[in-house]
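I've put the structures underneath this note.
Consider the two complexes below, in which subunit A is the common component and subunit B and subunit C are the respective partners.
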Partner chain A sequence: MRHPGAYSGLLAGGLSGKTGPHSLPLARIKKIMKNSSDEVKMISGEAPIVFSKACELFIEELTKRAWMVTLKAKRRTIHKEDVAFAVINTDIFDFLVNLVTENSSKSEEPQPVMKA
Partner chain B sequence: MVEEQDKLLPIANIGRIMKRILPRNAKISKEAKETVQECVSEFISFVTSEASDKCHKENRKTVNGDDICWALSTLGFDNFSDIMLRYLQKFREFERQKAEQNKASSSEERGEVTSNGFGLQPVASASLEFGILEKGGSSSAKQK
Partner chain C sequence: MDHEPPPETPTICCRSNFVFIDRVAMEPMDIVGRTKEDASLPKATMTKIIKEMLPPDVRVARDAQDLIIECCVEFINLISSESNEVCNKEEKRTIAPEHVLKALQDLGFGEYVEEVYAAYEQHKLETVDTVKTGKWSNVAEMTEEQALAEQQRMFAEARARMNGGATVPKQPDPEPQGPQPPQPSLNT
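Entry: the complex of A and B
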């Protein structure tokens, strides 16, 4: 990145200040952005930085909601199903419903029952 | 397999962010982290597609920070969008001040007098008090 010093300074007093520079690798974010559609041609330098913050917020929101599910079940460990439940019950996470239900159906592969 | 990993953000980073907002006694299963990991990539793709569509319609080639903020808002992530816009503003201000400081220090070397002392202020003190949570009431951001 061009200005590593700028990032450290930026976040030192901000929301995620404790982790220093960005919590998420900007180059990887940029790769994922480029993969998202053929239309994506050029990405400004600030876009991955914006996403780095947005992803933190996203992860926090999803985690908080999953944790609510975990608590209700009187557990202390967040399971994959808790995350799925949180996704299904949150409108703005609708775009993730297929992703989380795909995952759960993969792990519970139906055993073919042969009846004689 | 390496290519697959390129489409995901590192699970260690994601785990750290998750832990940060949970109570100390909370635990996170590996599968839960992996699920969140996949969700984040999907989130990035989803928002980027929307932003990129907009750029395409407006005959612009470059997706910038404002486009991302707009897409976040359009897709229902209003809270995020507000926080992001302020973050972006601060970032741009920070970059601008830095650029001005660089300009000032190079003009100083040439013996020119700057009209104000702005350029001499240390960058570190500039706008680090984000205060983007001052608005309050945002469920998606937690005050540390």
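Entry: the complex of A and C
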């Protein structure tokens, strides 16, 4: 089949239209952006592209920090707890603390929170 | 200390995978109260991105992958909200890349800004390159007629590609298919 054409690269998502480094789908990013708040306005076509790159950097940072935890524990498989630990120990990931602790509590019996 | 829970909190009892709240069985997902359809990021793509950042012999447990994906979605939510705020403050109606960059800065992700901006600039260059005629860089200077003509031309090209060149598109000038080498004149 012939080359899809100039625009398919954009629509397929990602910074490079080639099938090189994998990138996140722009439509999906846009959907999440719209879900984030009821008041979200119109989103320029280029904003998801910026998000895509920012997400990659975020994933990179989170993954590598989690991996450092795994290394310290002398394991070769990154577990959920490693990710949680990395989040808790990084200031800028504070917004994720609830998410990771909520996740870890799901696997245990929920304790009723009692404030003395 | 009194072990009886205060009256306002519902009694929560965990049996197998269901949580009973006030004796109504609820799936764990319902409790979080997600009303909107939750878009998430494609697992396969995410897995590849994650693995690309690690040495080949390092493995990532599935629950760790899921958690990273959730974190990423939350990251987008956070930056989106902040971008929205930035956009509001500037009294603009559309969230532009500049707003996103400012949001990243404000939320402590300033380290990302340089790389993100570079990637954005690179993308802009790439999109100009990939358009064949490159006329879109002058799009503001095009008149409507020119833009329409350009559109028609591109449609015709697309049609020709689709037809595989088998059927002749509606053109008044019946040109021969394929380039013909110039015929040498025979001087006998």
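Going forward, the second predicted complex is superposed on the first by the 88 of 116 C-alpha atoms of A that agree within 3 Å, B and C clash if a C-alpha of one lies under 4 Å from a C-alpha of the other, contacts with A are read in each partner's own complex, and residues count from 1 in each chain.
Assume a contact is a pair of C-beta atoms (placed from the backbone, for glycine too) under 8 Å apart; a residue touches a chain by one contact, two chains touch by 3 or more.
The structure presented is a predicted model; accordingly, all values stated were derived computationally and were not measured.
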Partner chain in contact with A:Ala73 - subunit B first, subunit C second, else both or neither = neither
Task = Name the contact category of A:Cys55: first (subunit B only), second (subunit C only), both, or neither.
result = both
Inquiry  = Looking at A:Val97, would you say it contacts subunit B, subunit C, both, or neither? Reply first, second, both or neither.
reply    = neither
Subunit B versus subunit C as contact partner of A:Ile88, first or second or both or neither = neither
Task = With the two complexes superposed on chain A, say which partner A:Asn35 touches: subunit B (first), subunit C (second), both, or neither.
result = both
Request  = State which residues of subunit A lie in both footprints, the one left by subunit B and the one left by subunit C.
outcome  = 6, 9-10, 15-17, 23-25, 28-29, 31-33, 35-37, 39-44, 46-47, 49-51, 53-60, 62-64, 66-67, 70, 76-80, 82-84, 87, 91-93, 95-96, 99-100, 103
Ask   = Within the complex, which stretch of subunit A touches subunit B?
value = 3, 6, 9-10, 12-19, 23-25, 28-29, 31-33, 35-37, 39-44, 46-47, 49-51, 53-64, 66-67, 70, 76-80, 82-84, 87, 91-93, 95-96, 99-100, 103
Query = Mind pulling up the subunit A residues that touch subunit C in the complex?
reply = 2, 5-6, 9-10, 15-17, 21-25, 28-29, 31-33, 35-37, 39-44, 46-47, 49-51, 53-60, 62-64, 66-67, 70, 76-80, 82-84, 87, 91-93, 95-96, 99-100, 103, 106, 109-110, 112, 114, 116
Query = Given the complex with subunit A, which residues does subunit C contribute to the contact?
reply = 1, 5, 9, 12, 14, 19, 28, 36-42, 45-46, 48-50, 52-54, 57-61, 63-64, 66-68, 70-81, 83-84, 87, 93-97, 99-101, 104, 107-109, 112, 115-116, 119-120, 122-123, 126-127, 130-132, 158, 161
Query = Tell me, which parts of subunit B touch subunit A in their complex?
reply = 6-10, 13-14, 16-18, 20-22, 25-29, 31-32, 34-36, 38-49, 52-53, 55-56, 61-65, 67-69, 72, 75-77, 79-80, 83-84, 87-88, 90-92, 94-95, 98, 123-124, 128-130, 132-133, 139-142, 144
